[in-house]
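In the two complexes that follow, subunit A is the common piece, with subunit B as its partner first and subunit C second.
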Partner chain A sequence: MSGAPLLSINDLKTYFFITEGVVNAVDGVHLKINKEEVLGLVGESGCGKSTVALSIMRLIRPPGKIVGGEIWFEGHDLLRKSEEEMRKIRGGKVSMIFQNPTSSMNPVYTVGSQIAEAIKLHQDVRKHETDEKVVEILHKVGIPDPGKRAEDYPHEYSGGMCQRAMTAMALSCNPMLLIADEPTTNLDVTIQAQILELMKALRKDFGASILLIGHNLGVISELCDKVAVMYAGKVVEYSKLEMIFEKAKHPYTQALLESIPRLDAGAERLRTIPGTVPRLINPPPGCRFHPRCEYAMAVCSKQEPPHVEIGQGHTVACFLYTENGRTKRHR
Partner chain B sequence: MTNRSRANSGGQTEEAVEPAKATQLFFVWRKLRTSKLAVAGLGIVLFMVILATLASLIAPYDPEWTGISRRPPSMEHLFGTDARGRDMFTLVLYGARISLYVGVAAVALEILIGLAIGMAAGYFGGIIDEVLMRITDLILTLPTLPLLIVAVILFQTQSIHTIVLVMGLFGWPFMARVVRSEFLTLRETTFVEAARSMGASPWRIIIRHILPNVLSTIIVIGTMDIPWFIFWEATLTFLGFGDPSSPSWGVLLERGYLYLRREWWMITFPGLALFFTSLGFNLFGDGLRDALDVTTRGR
Partner chain C sequence: MMEMPETILEVRNLKKYFPVRGGILLRQVAAIHAVDDISFDVKQEETLGLVGESGCGKTTLGRTILRLIKADAGTVRYMGRDLLGLKEKELRKARLEMAMVFQDPYASLNPRMTVADIIGEPFDIHDLAKGNERKGRIVELLKRVGLAPFHMYRYPHEFSGGQKQRIGIARALAGDPKLIVADEPVSSLDVSVRAQILNLLKDLQDDLGLTYLYISHDLSAVEHMSDRVAVMYVGKLMELAPAEGIYRNPLHPYTKALLSAIPVPGRKAVKNRIILKGSVPTPIDPPPGCRFNPRCPHRQPICAKEDPEFIEVSKGHFVACHSRK
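Moving on, here comes the complex of A and B:
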């Protein structure tokens, strides 16, 4: 079954229609996730990563709207499913972890009862079985004394424990795809490492594919098989993890990599990328990165760069690597 | 901690639901107890409720019994007698029944209407919100007293129930607004988003996920509004739009004010009853606000 990807997104377009105009938050994104694969989706804040995630779940709310594209999951286009059908998929086959663990839990219910509710929504199990499952899954995500802690309220959990509990809830129905939207932001560095370790372990245990969203390539690299780099609503580079680290082609990816602090790099100043992600109401014409790109050429501001395959499964959208691009500069 | 885990040892099974709820109440009580004013408020409220329910047992006379009129307070007539010689103490006791009924029934109506409108407006937003909130604004802009008077007159039958109905029909805008604003905030929270991502339906999200978070606010407002409705009923009655056949505290006040100069007891005792009841509900409501806050539980 390695042939057909579990999830494949074609030309996804999600726009937000606000009074100032139309925000092209996601504008023609292509992505593939194979079974049991971890895909990292990286990019700066505001480049549309979370919008991709919410689009897959069909949780985009007005003024946002998915205006085009296809999201193929298990041979069906999720964008053509009814709301009712989507509800069965959410939390059942595809589930999601959010970036604010402490506010992802309903404060008025115990952690255990919330996980139990998720299980009851999707599985036909008897009450005492549900309780056993809750304790079992809390144990799996490393909550100490799970039988007792299941009776605690979310505010009695620490941030890390909340994220563990959220992960437990998301995994409670054995999803095929887990979307983790910056699961480690807002957590201490030590806890971040623990959560990543946990996800690594769970990946083996549950055999789910993971879409890991983050802005930190360092964190992403801990876990991913493949990486897609997003910039201003588009995927600019997509490849295996090693290739991204060793042979990043897109100037944006290169810049991102150089802005990761490294222990072996001496005391040089960290590189920063000048400027910010453009406002997506009026994105720059042509390649959206060209105003911040040090290799920008005349063509960059006129045409949109096509996705070119420059290695096995390594695609990049940049004129530096197109056939008719005059320069083939390598760094 | 030990208390709860012992009571909940059965987990989330059906059998464990009762003890779980009991412990919830226990925690609310434990927090409430820390505030002397709140306990005093609860005491007054309970005292009034007991007096009202046991009025027929406690009252020394029948409410229809007449003796010598306009007697000042004495051992025989604790609160004196009114212009027709009825025992004021008995009347105040029976009045408590009617006034408390008015407060509680009107609040029930207020919650029913305010909750439905606030939930719909806050959760669905858009055009639904727009229409419902303009109706709410309209009622809020109209002056309450004339509105109630006109409505009571329109009903023609001067019964205590029509007064309750009218107050309930026009008393909900504040509740609706508060519920709406809470829903507006809560529907954007991550935990609602997370519930959605787990496949919960809108109805389930409203009832199971958002409403319980608003419940404490509703209870507090409801508690504080009970004396508010009692006061409005008294006001309407005082102005002559009440139901004389149901001698609420308002009716007693209306009858007594003519004798304010010399027979002060006729208006003072129903007034004091009204005052203490109002004070009690307000203190209790205030304490509840803190006690129902789940995040400070056990601290």
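Moving on, here comes the complex of A and C:
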């Protein structure tokens, strides 16, 4: 590994202050992304993965608030930047693709003019150059007849094309970090395959680091180098992609992997995780997974498990693996 | 020798078109061919999986079979009886034996009714049980789906998504059905909860001898659940075969592309992935010939002219494709 990571998040805490209480959506998350690396952030709905993304972009709106932590990007803490400075970074060095492409675009402007807006904001280019750039980038993401389609409005695009256009917009200023929040979730599988292919190609072309957020482990497998697994506002396991799928250590990761029906395994019965994802207003004390964990010990409900490095770059937050804890063997 | 499984549901040439109106007079200007001449059988105690992408008409097909939507043409026979010709009163009775589990448990339970009233409603409508017997049967149903008797006095908002879907399943079971149409029963649930519901559906099938029509866009879940699988594309069936046949030996180019498009957890890439061009065409006045021909990698001149017949190419394996004759 060369040099410092491109992005490193230390002890990030983002809470939502609602009438019922405080929702600890992100509660002490540590993450790092190296240059040209693709990190997958996986977890179920409500585990806080999108909140991590929005916190990096500083797009958390009240009642939400970033209450602690640091987000280091290129030697600066993004949390200490002024709103003015953040605006320059957003869409420039750090850009984002949102989950629902059709509703993330402005319906009253043409697709081309929306992409042009991003270019004008961040780059010093002339009018006709901007138009050329728009057509060029639309061509790169595989929009047929880009000169003509740039004049279309978002409703004239299909879901897959909208996602391509969103991607074009995000890539238009050559970002160093691209955050993609469930970029294929709302698409049909055959369209998803097209977008996956596009992202793989773009990864090679642009050399940007990507934070890919998703719950579809198949999609994550195809694109990522490393994976961080989140549960109830915390990262529970972080490792290289292969290690997560072959040697997952955290009981939650293991159970999650075994509970998905897979095309390549004909298991009669799926493994289930008892109970449901906890509400984050009053998260369980200690390890947040302990009420659903089959290996739970007395300590799990009292103390929070520390992150332990159990292999090269493989960390896990579970008492089964602490140095002085027991070394119960899993499959 | 095993006894040949009896056919419980026989669908023949079923059609459902929705009118598209336009102009000042709101005349019908086009039609959405949601279900377009579909025929298949469902055998007793099997699970027939119905897969397809969004907008292909799979939900409409499920609803048309149960007569929640009126069909335009064709027949649906349930245990030999013509469902589409039944009078209102007879239909109500027949509906006891057929139930539906809906996609969105958040929207399909009345928020103002207690769980007991939701599950007990079929008893009231059909006058099946009253007083203590009604209560006893509700408790029994709750236990069957993995809930506790004390849950009966609660309201839907007090439950999580997975529990809500359990309530939806309990309601479906109230009339002692033989056939259940399950329309995307787990797609709105958290990943870790999906397995619980899929396992529950399997257990209920084993215990009660249920027959399922399992509608979903998730091909991995369908493989897990189904004995046979039907693949739908823009209002038509493209292929129908035992699950083994669909997943190990798919014949239709669309089925092949669909299967190869699924990313597999733990794998960097799927070998020989077929990337289809373009997107699913609208079912409004679809193209002539095979519906799939504009995107098909093996297209021939005939494909744009003639609609391929749905033929049995090997035992129990049906396919609608000109290159398979």
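Operating definition for what follows: the second predicted complex is superposed on the first by the 327 of 331 C-alpha atoms of A that agree within 3 Å, B and C clash if a C-alpha of one lies under 4 Å from a C-alpha of the other, contacts with A are read in each partner's own complex, and residues count from 1 in each chain.
Throughout what follows, a residue touches a chain if its C-beta (ideal position, glycine included) is under 8 Å from a C-beta of that chain, and two chains touch if they have at least 3 such contacts.
Note that the coordinates shown come from a computational prediction; the quantities given were computed from them, not determined experimentally.
Novice: Assess the superposed three-chain arrangement around subunit A: do subunit B and subunit C clash, or do they fit?
Specialist: With subunit A as the common anchor, subunit B and subunit C both fit in the superposed model.
Novice: Is A:Pro261 touching the first partner subunit B, the second partner subunit C, both, or neither of them?
Specialist: A:Pro261 contacts subunit C only, not subunit B.
Novice: Applying the document's definition of touch, where does A:Arg271 land relative to subunit B and subunit C: first, second, both, or neither?
Specialist: In the superposition, A:Arg271 touches subunit C alone.
Novice: For A:Ser45, is the partner it touches subunit B (first), subunit C (second), both, or none of the two (neither)?
Specialist: Second partner only.
Novice: Considering only touches as defined above, state whether A:Gly91 meets subunit B (first), subunit C (second), both or neither.
Specialist: first
Novice: Could you give the angle made at the Cα centre of subunit A by the lines to the Cα centres of subunit B and subunit C, to the nearest 10°?
Specialist: Given the fit on chain A C-alpha atoms, the answer is 80 degrees.
Novice: Have a look at where A:Met105 lands relative to subunit B and subunit C in the superposition and call it first, second, both or neither.
Specialist: Touch partner of A:Met105: subunit B, not subunit C.
Novice: Touching A:His128, do we find subunit B (first), subunit C (second), both, or neither?
Specialist: first
Novice: With the superposition applied, I'd like the minimum CA-CA separation between subunit B and subunit C in Å.
Specialist: Scanning every C-alpha pair, the shortest subunit B to subunit C distance is 6 Å.
Novice: Taking the complex as given, what residues does subunit A use to touch subunit C?
Specialist: By the definition above, subunit A touches subunit C via 44-46, 158-161, 188-194, 196-197, 215-222, 241-242, 245-246, 255-257, 259-264, 266-267, 269-274, 276-277.
Novice: Spell out the residues on subunit A that touch subunit B in their complex, using ranges where they run on.
Specialist: 57, 59, 62, 87-92, 95-96, 98, 100, 103-110, 112-113, 116-118, 121-122, 127-128, 130-131, 134, 148, 150-151, 153, 155, 166, 169-170
Novice: Could you pull out which subunit B residues touch subunit A in their complex?
Specialist: Residues of subunit B touching subunit A: 4-5, 8, 11-14, 126, 189-191, 193-201, 208-209, 212-213, 215, 294-295, 297.
Novice: Which stretch or stretches of subunit C touch subunit A in the complex?
Specialist: 53-54, 160-163, 190-196, 198-199, 202, 217-221, 223-225, 247, 257-270, 273, 275-276, 279-280
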